[in-house]
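A quick write-up on the structure given underneath.
Each chain gets a letter, A, B and C, in the order it is written, and its residues are counted from 1.
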């Protein structure tokens, strides 16, 4: 396992210091459900879904160079597949979710494939358009439940499963991706961003790696979608809503792009905030966007980067 | 020279908009040789490299490598067959440390195939390669960020990137440019060593004197056309070549 | 014949919508995702001016267009200018602005703002009535659309070939660095192009919206059409955008009459995917739309 530099860690205390911020966040998240009431527990679950999308977005934007404006595509695909499998085959959520995650990711990646060998702008445009198209097509052809959707899907056995399933997914994704970006694949992806011609001259197919990266981000999103349809026992057009595309982005920018953890933090801040404003209609979305732009223009590093900077200002590391 | 040439370029042509960058160029590269390609600025040398290595598709003509037609193949497929190149405009993976720059080619299908599976400690392999091209191991140079390295090291890094692929042919696009005489002098043994190890090379160069220390066969390009081929003496006594480099004498 | 006439009208509609976007992208290299939102904004502004402020229709239109230009200018000046050179951030920011405007128009209950919900807002056509052209009923508004389209093309051609500002826009669109070396200020040009682009979006809105009603959701549709046309025509190619408008509009019209209106979206998506697979630089685009050259 690689680390970004060579530091001499001479004691457990120092190791602890390095890991403290992340460990705190994880610990807080693990304990939070115990102090929340039922309503806020549901909000917590939503936040988890947005966190998954946010991690995926951060990974694609900062480590692969692709701006994904269509998180809703993943949620919708994962949600619809899981819901449909449950509705027509009556498979339990514990079967539909894994299948929807993998199958959904495969389909999403396939649909995005044509623009992976082109410049990044095409990916942004196509990813933006796809969830909207999915909506149009579902309405137009009146399939998969059309405008009303399908309800009465199976839900989870109890609240604890709901909570810790999504939280587990977030934590696993976080650590897996952090590992990935330090392994060979992460290096190659960074190489593609720095100088893609050299990568091609070194015998690596850029499209192949971008495809893998998109697939990974799609796995996260589709899991979220599949989970969501079983959380409320319902699937419908709102799975492709713009909310799923924009909130993760705002969470990322606010939380600190590139850190992978920052987006999770951002998601857990913005989601409750969005819930609290539910009564005001579309004000939520306007607010996320204002926050997003505000951060981008005035504090582009985001919360996590800011905190890490301040944190590290108080220590001096010896490079061997 | 026995058997087929390693690399064969036949009647290659390419125009961009109205500009004929390469016209009807043909030549061969034999196994184990270093071929020099020279010519004044703007004669299409880099375009030629781009055409051969798949970054640009030719309008007409054919390129064959190891007997197979590679015309129109994408760069990564050509690289995986064993043909790679350096870049005239130096662009390392600047945010990565030097040895990590080599991780990319070490992950190519070609390397995986020839190593028969995984490479074991890939980092160690990368550092070994860097040492081979002259990075001082004990001064921790391999760990410095590529973006912070001076030009001489960057050139070596480029060669390291090529070597990591275990190629059969390396096309060097002006690898001497920007280096001082002493830096070039220390680079030449490395290139000789590569040739001894069985890597054939095609060197696009401006620094003729240094180039002639490495090779005895040249191709001269002007305005996209090959105007001469042969030993340095033959080529330099060719009137067309002299005109191209020095300009025609003024009529008195 | 029906298809020919209405196909032509739709083609011009698409062209009108796409040209503003193509202009901004060609010059500033920024995909202005807020394009669709400005379209809708102008629609609602005009409606408010006419119905709430009882303004003269023509005056309302002019005022709305001016406001659109200012909004476009501000988008660049306040937001995008700080993000220049970071394509990831530019895209995200213009996307966010688009949502602020579109969803903002649907907000309710803030400071008495009632929000524009539902298909109740309509703009009057400029001239009522229909005429018969080649045996097909055509309302005057649609005729005006065709006329406007033609007029716009001519105007833009003259503008970009014979005025100083227009020429600098073209210069930057062709080669930004060279133009900058010759003294063309890239930021100023971007601001100008965003103003003009927004005004064009507004112009398209006031001409086209009288055909139906003004709804915030239209903003997304308009944006999709603009994006689709520009991709199919080739990002950055104005001629391509016009050509693509015709191709797309006719494809959609024909499929509607053959298979029914429901398949329009499918045809739209299908065409985009086909282009991306087989001719990614678009119908008239230049090859450099793919990966960077060495």
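Assume a residue touches a chain if its C-beta (ideal position, glycine included) is under 8 Å from a C-beta of that chain, and two chains touch if they have at least 3 such contacts.
Everything numeric in this text was worked out from a predicted model, so none of it was measured.
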Subject >> Innermost chain, where centres are averages of C-alpha coordinates >> reply: A
Original post:
Which chain pair has the highest count of C-beta pairs that touch?
Top reply: A-C
Subject >> Farthest chain relative to chain B (centres taken as mean CA coordinates) >> reply: C
**OP:** Report, in whole Å, the distance between the mean C-alpha point of chain A and the mean C-alpha point of chain C.
**Re:** 32
Subject >> Where chain A and chain B are represented by their mean Cα positions, the distance between them in whole Å >> reply: 43
Original post:
Roughly how far is chain B from chain C, going centre to centre by Cα mean, in whole Å?
Top reply: 47
**OP:** Name the residues of chain C that each touch 2 or more other chains.
**Re:** 294
Original post:
Residues of chain A touching 2+ other chains?
Top reply: 197, 206
**OP:** Send over the residues of chain B in touch with two or more other chains.
**Re:** 55, 87
Subject >> Residues of chain A defined as touching chain C within the complex >> reply: 61, 65, 67, 69, 114-115, 117-122, 124-126, 128-129, 132-133, 136-137, 140-141, 196-197, 206, 242, 246, 249-250, 253, 280-283, 285-286, 289-290, 292-293, 296-297, 300
Original post:
Tell me, which parts of chain C touch chain A in their complex?
Top reply: 31, 33, 78-79, 82-83, 87-89, 91-93, 95-97, 99-100, 103-104, 106-110, 115, 220, 224, 227-228, 231, 235, 261-266, 268-269, 272-273, 276-277, 280, 289-292, 294
Original post:
What does chain A use to touch chain B in their complex?
Top reply: 2, 6, 184, 187-188, 190-191, 194-195, 197-206
Subject >> Residues of chain B touching chain A in the complex >> reply: 53, 55, 74-76, 79-80, 84-85, 87, 91-96, 100-101, 103-105, 107-111, 122-123, 143, 161, 164-165
